[in-house]
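Let me give you the structure first, and then I'll get to my questions.
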Amino acid sequence: MIVILKADTSQSEVEKIAKSIKSKGLQIHYSKGENFIILGLVGDTSSIDAAQIESNKNVERVMNVAEPFKKANKLFHPEPSIINVDGQKIGGNKLAIIAGPCSVETEEQILSVAKDVKKSGAGFLRGGAFKPRTSPYAFQGLKYEGLELLKKAKEKTGLPIVTEIMSPYDIEVFERDVDVIQVGARNMQNFDLLRELGKTKSTILLKRGLSATIEEWLMSAEYVMAGGNENVILCERGIRTFEKYTRNTLDLSAVLAIKKLSHLPVIVDPSHAAGKNWMVDSLSKAAIAVGADGLMIEVHNDPINALCDGAQSIKPDEFEKLMSELKLMANIIGRDI
Amino acid sequence: MIVILKADTSQSEVEKIAKSIKSKGLQIHYSKGENFIILGLVGDTSSIDAAQIESNKNVERVMNVAEPFKKANKLFHPEPSIINVDGQKIGGNKLAIIAGPCSVETEEQILSVAKDVKKSGAGFLRGGAFKPRTSPYAFQGLKYEGLELLKKAKEKTGLPIVTEIMSPYDIEVFERDVDVIQVGARNMQNFDLLRELGKTKSTILLKRGLSATIEEWLMSAEYVMAGGNENVILCERGIRTFEKYTRNTLDLSAVLAIKKLSHLPVIVDPSHAAGKNWMVDSLSKAAIAVGADGLMIEVHNDPINALCDGAQSIKPDEFEKLMSELKLMANIIGRDI
Amino acid sequence: MIVILKADTSQSEVEKIAKSIKSKGLQIHYSKGENFIILGLVGDTSSIDAAQIESNKNVERVMNVAEPFKKANKLFHPEPSIINVDGQKIGGNKLAIIAGPCSVETEEQILSVAKDVKKSGAGFLRGGAFKPRTSPYAFQGLKYEGLELLKKAKEKTGLPIVTEIMSPYDIEVFERDVDVIQVGARNMQNFDLLRELGKTKSTILLKRGLSATIEEWLMSAEYVMAGGNENVILCERGIRTFEKYTRNTLDLSAVLAIKKLSHLPVIVDPSHAAGKNWMVDSLSKAAIAVGADGLMIEVHNDPINALCDGAQSIKPDEFEKLMSELKLMANIIGRDI
Amino acid sequence: MIVILKADTSQSEVEKIAKSIKSKGLQIHYSKGENFIILGLVGDTSSIDAAQIESNKNVERVMNVAEPFKKANKLFHPEPSIINVDGQKIGGNKLAIIAGPCSVETEEQILSVAKDVKKSGAGFLRGGAFKPRTSPYAFQGLKYEGLELLKKAKEKTGLPIVTEIMSPYDIEVFERDVDVIQVGARNMQNFDLLRELGKTKSTILLKRGLSATIEEWLMSAEYVMAGGNENVILCERGIRTFEKYTRNTLDLSAVLAIKKLSHLPVIVDPSHAAGKNWMVDSLSKAAIAVGADGLMIEVHNDPINALCDGAQSIKPDEFEKLMSELKLMANIIGRDI
């Protein structure tokens, strides 16, 4: 951490600030420039609050040098993490393909889609039981009934279940019934929920918030990990920008940034990013090409009558064709599906 | 709602789409342009899912005409709502001034600040007991002990308490002890929490999410109101943009938009918006000038040693001076403090 | 175009508005809903100013149905445009690879890089002679001397030249000496320059503005095309968002949007998008995978001592390796390099 | 400037980097932390290219301490600049009120509006002769004929003229006929135009670009000033964000930032920011309250039939009422109109 002081800060004031910093067990390197005095803080700065130091009128700015995340940081864990989910691995050479409908609607629907995506080579089944909807008047999901249907689909296909949690009240049920607990974009900074999930041993799929920086996203992973649960998978799903042609702007360079900064696996959700089913094919290929550890794709047997987000779902036959093309793409960059 | 079809959509396909829409009790006005066919939907479209219609390949676009919010909509409630909090009114001619520290730290601190802001004319005391922090390693608030200290401060000063809730588990305690329950920006779309708060009779202060559109913000208010609790106050606190000189970009035109679209009161938090205490004075004046129903201002007796967000807090004497100037400002636009 | 009127608009006012619209040669379809009156305008609405109609107090909103661009619109030109540049084609099956240094610095440098990228399979040489720099004190390019060096490099390698224009005064020289005239992101809405370039027959490479919507970008292409010059190539180079880890956020879904809306070729510049040379490899692959018609990549023989943007340049040997991998990637999606 | 090196950088590599920096006349302060080596550069760093240093693989990051603008910097010019325009002053205690139509349309229109705004107390007349329009098919302004009409309006009213330049070809005419030459948001980084304007002695009104940071905006002012013309006025006119209810998001905290960083006067354009005439009144008041040095307001005698941007223009009688209220507002904060 670096503290920039105004050049006209009095010597006694500099010493006062330095003393307060040293009292936290840090060393200080001092240098005086033409227009500024610079204090370089050496030691563990994770408990130092930059904003607090900045409230001193003599302080021009405080700059962080070290990243604020620890357990999620590649610096202290150079090897990529590989997460085991019910016998399958996420984060290694094999790409994780999660597919299924936005919402679980009926037994027939979820079984049909589950069999189809399994046949095409998907490794995981997604399906929303509890749905976060912008409008309180929109379909909110089948809830516990939806979870039961997902369990049936798992029985039939063997595919591990990925589904979203919305309330800390449901953690016990999810721990028991769900293989990968998804935290949605809107809850990425629901710190209460993250903290509770940190006490479980479940695998957590943490979606990036609509306008979360990469650092904030990793700090939310850190919330779960700080509680003792290091089974965290990140999911890029598009960020909010001024461009409105697509629902969100898929940020594929974020995949590269995560790979540089962290050891956690990162997958991509092209369906929610674009909000347009005709973009899913090409964006999936691009996500594999850029180096994502997997994909989360919405597949629905009847998108036009889907109860939610039909516009971004592809059909099982489109998914099958896509999977065969993704295999070629994966091979080129030395990975498997 | 307006559905735009491609010009080459077959007559039978148009009829199929029309039939499906009519089955939901709506009428259709048909017009054929050069490059598009346009269906105007007349009736209550609130249960229609635009995205679902858009998943039909013949559909070019679906446009909403009516706003999706009902109970928060000015169209159906032209008079501004005035909310009663422990004898005080928010939303009427008198501006609501909420002041206090970011975090409750000690009994001495909260009592001292509470007395000071009361003396200067504040109507409400703010103070965080449960703190949402980006880092799990940062100070997370005094929690229930903090609530107790707020209650003591209320006993001494009579100021109603405004404080943030983070977990649905705490609703019962907050209903009993807190006058205005704040939902923070990061939880604006924590729909589970909103729904639970909709079952209470407490006054809810709903902060705008970091990248929430005005419509989404009103839809989150609608979540609370749909549950039966219409005591909602909105709070603009800056949005996330590319500009990083300020922590967020205060969007004062949002105050005007809310006044046009909704009957709910809207206040402004200049402290969190700017993240710089030297901006609070001028931004507060601008917020009053633009027509906000009140302000939420961070005041701390010792900002340099504050446990959180000291950089954005002003001192009691600065607050006193600001209040006297705000009174003049309020009078000019025909309001009181 | 659709005009939404308030439901309480008087009949005489509706007729007045309708009359004014009809006077511009348009037909009107009228429908009255519960809360709104809707006028559907049929005919050529390109000369209608939506903002002007919206200034009428009875008008709630005006919505565009048709896209405002004509010559760039795929609707009127369904086949993709293929642009001939000095014997090479851009927009067809073969991908256009443009490579070279950010700035032309010395004869030795530009010849060396040109030979290297030619050897690795690049089809075009890029190199800045006139440099748009945020600071007036930064290196501004070798200017006309730089153009002369580019010409020498073309003589030696046969590679057509791509370089940026900054002033309308230079159009004559560029028309004579340059094969593809680049309009930089900061000049995307320099309408004066676009209009002048529309009078030439040169190929124009139009970069997307830092915060330009896809529609605005196509409207800028329309400026050039409206003048009679239809040789326009679009270049996605990242947009400005709240995320600051990368210099810009590469928007690969924009490539898909352009392909849907327009017949113009679109290429991708991963170097400027990310601002980090270690991201160029993977982002290039993703751009090819998503369906871009080519790439513009910064290659420098000595990035550390480059006079500009060394941080985003890759070395000739890295470029060679990348090209061999891009060929495999292109083949998979049925294209060539 | 601070250079952060990776902790495992070899001693010889550190020395190599240090030597290269010292060769530019700078001193280095060295400090070694746990995870990083930090070099503090002391001296004039304005010629150092941070991106170039960052291209060294051992460099983790380069951080600027000093602001890159010099002539625009308050540090070297603590007193606010006051600019004289034809006998009037901008930047002092008296607020500059610039009013008039978006476009000059007819002699009758411009004379009528000019007289009206003069009567209400405006100090300057605005009116577009050359109009930057997103569409090449939209009205582009009366051009030179428009300038002539502005001159007539000046003759009749004495109001100095503010109008936008789009091409360097027009500088000679503008220098002769125009009092304040406006550079529009889309040309804020048209460096060629800025450089040419730096050679004149005219007053330049520099609008903030759609997505320009405050620093970039000041760097564009620096372009003009570096050429020798220090008569620069800044104009905040809203930035592009995800929020689409308003055309742009007016960033009033930018006014405070400019006042902190620079000595240049800064005014606010509420009309273009909001794009809605019913917001102009309140946003104008907020701009004065926050401390802007003036306002630029669109006034049109017949907004519904305006040839451009009628939706954001207010009528002369609304302007008159607004001016009387702004006077009260100005007095409260100790300024005059």
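Each chain carries a letter (A, B, C and D) given by its place in the written order, and its residues are counted from 1.
Heads up, the rule we're going with is that contacts are C-beta pairs under 8 Å (C-beta built on N, C-alpha and C of every residue); 3 or more make two chains touch, one makes a residue touch a chain.
Chain by chain, the UniProt names read as follows: A, B, C, D = 3-deoxy-D-arabinoheptulosonate-7-phosphate synthase.
For clarity, every value in this text was computed on a predicted model and none was experimentally measured.
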item: Touch-network distance, subunit B to subunit D, counted in steps; value: 1
item: Remotest chain, subunit B as reference, centres from CA atoms; value: C
item: Where subunit A and subunit D are represented by their mean Cα positions, the distance between them in whole Å; value: 39
item: Centroid spacing, where centroids are CA-atom means, of subunit A and subunit B in whole angstrom; value: 26
item: Euclidean distance of C-alpha centroids - subunit A vs subunit C, Å; value: 31
item: Two or more partner chains touched - positions in subunit C; value: 211, 240-242, 244
item: Of all residues in subunit C, those that touch subunit B in their complex; value: 2, 4, 29, 31-36, 38, 40-44, 60-61, 63, 65-66, 75, 211, 240-242, 244
item: Residue ranges of subunit A in contact with subunit C within the complex; value: 211, 213-215, 239, 241-246, 249-254, 256-257, 260, 273-274, 278-279, 282-283, 285-291, 325, 328-329, 332-333
item: Residues of subunit A that touch subunit B when the two form their complex; value: 46-47, 49, 51-52, 54-56, 68, 70, 132-139, 166-169, 186-187, 189-192, 195, 210-211, 216, 219, 222-223, 226-227, 240, 275, 277, 303-313
